[in-house]
């Protein structure tokens, strides 16, 4: 039983254009441009976002502000969920929780969002941010959140 | 009993210079400058941060990115805790939880951080963000988080 | 502005039988009977549950187990949301976050659930647990959670 | 880099008697006896707790109450952290967040707690609950939480 308990979900996208759709929506998130973040990897149920360190994004001790690592983790989770949504749906974050495991010190930060459960309306996602600074990546943030699949709401897309 | 159940804590600051200390630390958070946020109100156990809307801070639908409202709520909670810390301590966010009650649409956003419980090492804080756009303020974000009082760690202050 | 920022919502129930409906559903939660909890107060958007201390419900140090205070806070939040739901809907917890402010020591515990935002599908609720032991009530738990209004799902009611 | 980003921590216990210590503390959690839960697996940084379904532990639709699955996930996380603590320390839950991925229907429930980061004072843990009912285990709960290592507090042990 132990072996089966950890089984990882595999996902079938419902929109074959999921990757271009995610990339186009990401490009419209002006906040990602302001941060200097870019979209690295888009596969069904999983998305990576990279962010180089910038001194304009820090808190009082010189580490990245928690709101910055949270921003890229939230976008990674939301877009991981969007890869699995039907073509006409829009993505909306309902809630998340973040644990800060270590100060966000480093040259490059990678946020990975992953769908744990894709439901009809609600999707549960986990996010992680790793700091890279020469040696092994350091795990700096863990996220657990809920992303909504919004259908039939005029004016909202992707 | 009902009346007593909702009682609000009142706090005595342990550092008489709490306000200038919070203002100096806020000024070192380059992320707040990048967002265009400013510190409004600093009283023992409670801090308000204001942020005018800017198109550079949005997600794909044109609302403020959840990471932006989270950033000002986190700073408001952290500084609410700092108002009550002893002079030599530094403030560090351990974790927070955020519920997004409505899209962050509006001209001005006010984040209020409030200490629910000030402990020796850990402080529990609640945060709220309101959007203001002509009419009554709209409650857009609720936060609950843990802020650590860090003592005797060389190199970390406020 | 400061005065308006803290404004409390007032709610109109959509089912005039909201109280008897909540009481009947609570009576079907066998877990509440197992804990020895009872439903105290049911008003639109707000529900109180009381639980006397019992040694069978403790963790290793003799305080109530966090799962116990969480159970009554979750039921209080869920039923606060149910007071506002349309007649045919069922209530389901999506997620919650809990901060434990102090050890759950005392003779009586009161959980209060309150709706912060009632949406069409999702409701955001806050919960608090107070311990009562002679003196002033002590705030031992803060909860923030999401409760779903489930409609048109056969077999689920209230 | 992708391969290294997911790396799993491996832990060295600081108390060689970690397993008997966890088992003795679990035996003192009367709540676990009340639920009918038992401790299955105790390894450094990871603990499994099993709970057979019982009708006395349900919510109004006949599924296990969220407070029940939360209780075993919280104990699994706390004891996962305790496996790594120094001999004289006590374990205390600071906070957690829970996402309910599916109704807790099944004959047997397994909660697995795992340490993500073991710090001097604070430990970040993740928890999962799986429901087993003939077929493949179903993931019903995800937890992310903070567990405190309490030292030098008279009267608290393990």
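For reference, chains read A, B, C and D in written order, and residue numbers begin at 1 within each chain.
Operating definition for what follows: a contact is a pair of C-beta atoms (placed from the backbone, for glycine too) under 8 Å apart; a residue touches a chain by one contact, two chains touch by 3 or more.
A quick note: this is a predicted structure, and the numbers were derived from the prediction, not measured.
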Averaging each chain's C-alpha atoms to get its centre, pick out the one most distant from chain A.
C
Comparison of A-D and A-C (more C-beta pairs in contact)
A-D
Inter-centroid spacing, chain D versus chain A (mean Cα positions, whole Å):
26
Quick check: how many Å separate the C-alpha centres of chain A and chain C?
31
Can you pull out the residues of chain D that are in contact with at least two other chains?
94-95, 97, 99, 124, 146
Within their complex, chain B touches chain C through residues 1-2, 4-5, 7, 41, 48, 97, 99, 101-102, 110, 112, 116-117, 124, 126, 128, 130, 132, 136-137, 139, 142-146
Within their complex, state which residues of chain C touch chain A.
94-95, 97, 121-122, 124, 146, 148
How about chain D: which of its residues touch chain C in the complex?
25-26, 28-31, 33-34, 55-61, 65-68, 70-72, 74-75, 90, 92-100, 103, 155-156, 158
